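Sharing a structure below in structure tokens format, with a few things to ask.
Order of writing sets the labels: A, B, C, D, E and F. Residues in every chain begin at 1.
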Amino acid sequence: MSNGGLQTLRTSTPEEGYALAVNLAQKAIELTQPSEDIRKLLRPVYSTDANSLIAVSQVVALHFQTVAFANNYWNN
Amino acid sequence: MSNGGLQTLRTSTPEEGYALAVNLAQKAIELTQPSEDIRKLLRPVYSTDANSLIAVSQVVALHFQTVAFANNYWNN
Amino acid sequence: MSNGGLQTLRTSTPEEGYALAVNLAQKAIELTQPSEDIRKLLRPVYSTDANSLIAVSQVVALHFQTVAFANNYWNN
Amino acid sequence: MSNGGLQTLRTSTPEEGYALAVNLAQKAIELTQPSEDIRKLLRPVYSTDANSLIAVSQVVALHFQTVAFANNYWNN
Amino acid sequence: MSNGGLQTLRTSTPEEGYALAVNLAQKAIELTQPSEDIRKLLRPVYSTDANSLIAVSQVVALHFQTVAFANNYWNN
Amino acid sequence: MSNGGLQTLRTSTPEEGYALAVNLAQKAIELTQPSEDIRKLLRPVYSTDANSLIAVSQVVALHFQTVAFANNYWNN
């Protein structure tokens, strides 16, 4: 993401698309909790909790749906 | 959003689209809990709770899906 | 919604579309718990709980997706 | 739903479409818990719990998306 | 599902489509917890818990969306 | 998935598509919690918890929606 923020949802592969989906999932958390220190404190909580990890994966799945559609599922 | 409320879902970039998605996610909370004081009291609760932050991100992801589709994924 | 119930998903603006989405989210709750008294007892519970408010916003987001699609995203 | 089960997703109005969505949401619960007695025991639990009611509304919202799409959003 | 696994999402009626959606929802659970004994131990837990039943219904709703789209909503 | 990561969402059957959806669901968990040891510690927790298993199935359902759409629902 350039310093002008998110300019495109296009990626060359599903792998890059998945990485963008992970970024999109994190973006809302950074906007909702701007303090990097607090986010760092929370990391050991959610990254060692099975249900939190599953919930993170669900948000990524929604964004991956969006990114995949934006890239015509990389079918070209 | 003008004082006539939400008039369009069109934005010029995905970055602006994401900001609109965050607004759309907050809008239902403001309609459901109109008291700004109560919302302010809740802020330290959800903004320091990993699962609440992930749940917020999920709502933004759903609205971002809608806004992205409305803007043809900014592919023009 | 006329007394014949929900006759259309068309609205003239996204703002009206969002209000319809809120109605659609409430409709299932009224059908599942027809007692207005009980619903009134529950209001202070969910409207002062951050996770409940986020969950309400998620249901509105799903209905807003549906209403937006029904109105071609108000792009006409 | 006729005794041959669900034969169509078509309804004449969004109101009927919403009622079908409620039926579709209940159908999985009846298939997962066939005992009507147990389901009746559970009713006072979820119908007086704000988060359960919101979760029910979310399932109805997903099915309403499906039924609305099946009926071209009753735009004809 | 033949022994070659899932070969098609096509069904002749929405009723069959709903049954396929239930199978698709169960499939991930069987893949994640291959032990039938453990799954049997869990059955009385989720099948008598309102929130678990609602969560099951939500997964079925997502798969029913997919199966309905695959069958053009049985509109032919 | 080749060592270049995810290159395509195309699969020849829904069965393979479902397996890809399971991989996509796991991928976010591996990215969020890179330690295989920690993930192994969590396995007995979520794989014997009904609600965790249902939540896993929900993430797979979202990815299966994406993969099915990418493959035109294997209708060709």
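One rule holds for everything that comes next: a contact is a pair of C-beta atoms (placed from the backbone, for glycine too) under 8 Å apart; a residue touches a chain by one contact, two chains touch by 3 or more.
Predicted, not measured: the structure shown is a model, and the values here were computed from it.
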(request) Could you find the chain whose CA centre sits the greatest distance from that of subunit B? (result) E
(message) With centres defined by CA atoms only, which chain is the most remote from subunit C?
(response) F
(request) Answer with same or different: of all residue numbers used at the interface between subunit A and subunit B, are over half used by both copies? (result) different
(request) Could you say what rotation angle superposes subunit D on its sequence twin subunit E, using C-alpha positions and rounding to the nearest 5°? (result) 60
(message) Taking the mean of the CA coordinates per chain, how far is subunit B from subunit E in Å?
(response) 31
(request) Indicate the whole-number Å distance between the mean C-alpha point of subunit C and the mean C-alpha point of subunit E. (result) 27
(request) Send over the residues of subunit B in touch with two or more other chains. (result) 25, 46, 49, 51, 55-56, 58, 62, 65, 69
(request) Have a look at which chains touch which and call the overall pattern line, ring, star, complete or other. (result) ring
(message) Touch as defined at the top gives a ring of chains. Read it off for me starting with subunit D, then subunit E, then onward.
(response) D, E, F, A, B, C
(message) Help me check something: in the complex, which residues belonging to subunit B touch subunit C?
(response) 1, 4-10, 24-29, 31-33, 38, 42, 45-46, 49, 51-52, 55-56, 58-59, 62-63, 65-66, 69-70
(request) Report the residues of subunit A in contact with subunit F in the complex, numbered from low to high. (result) 13-15, 17-18, 22, 25, 46-51, 53-58, 60-62, 64-65, 68-69, 73-75
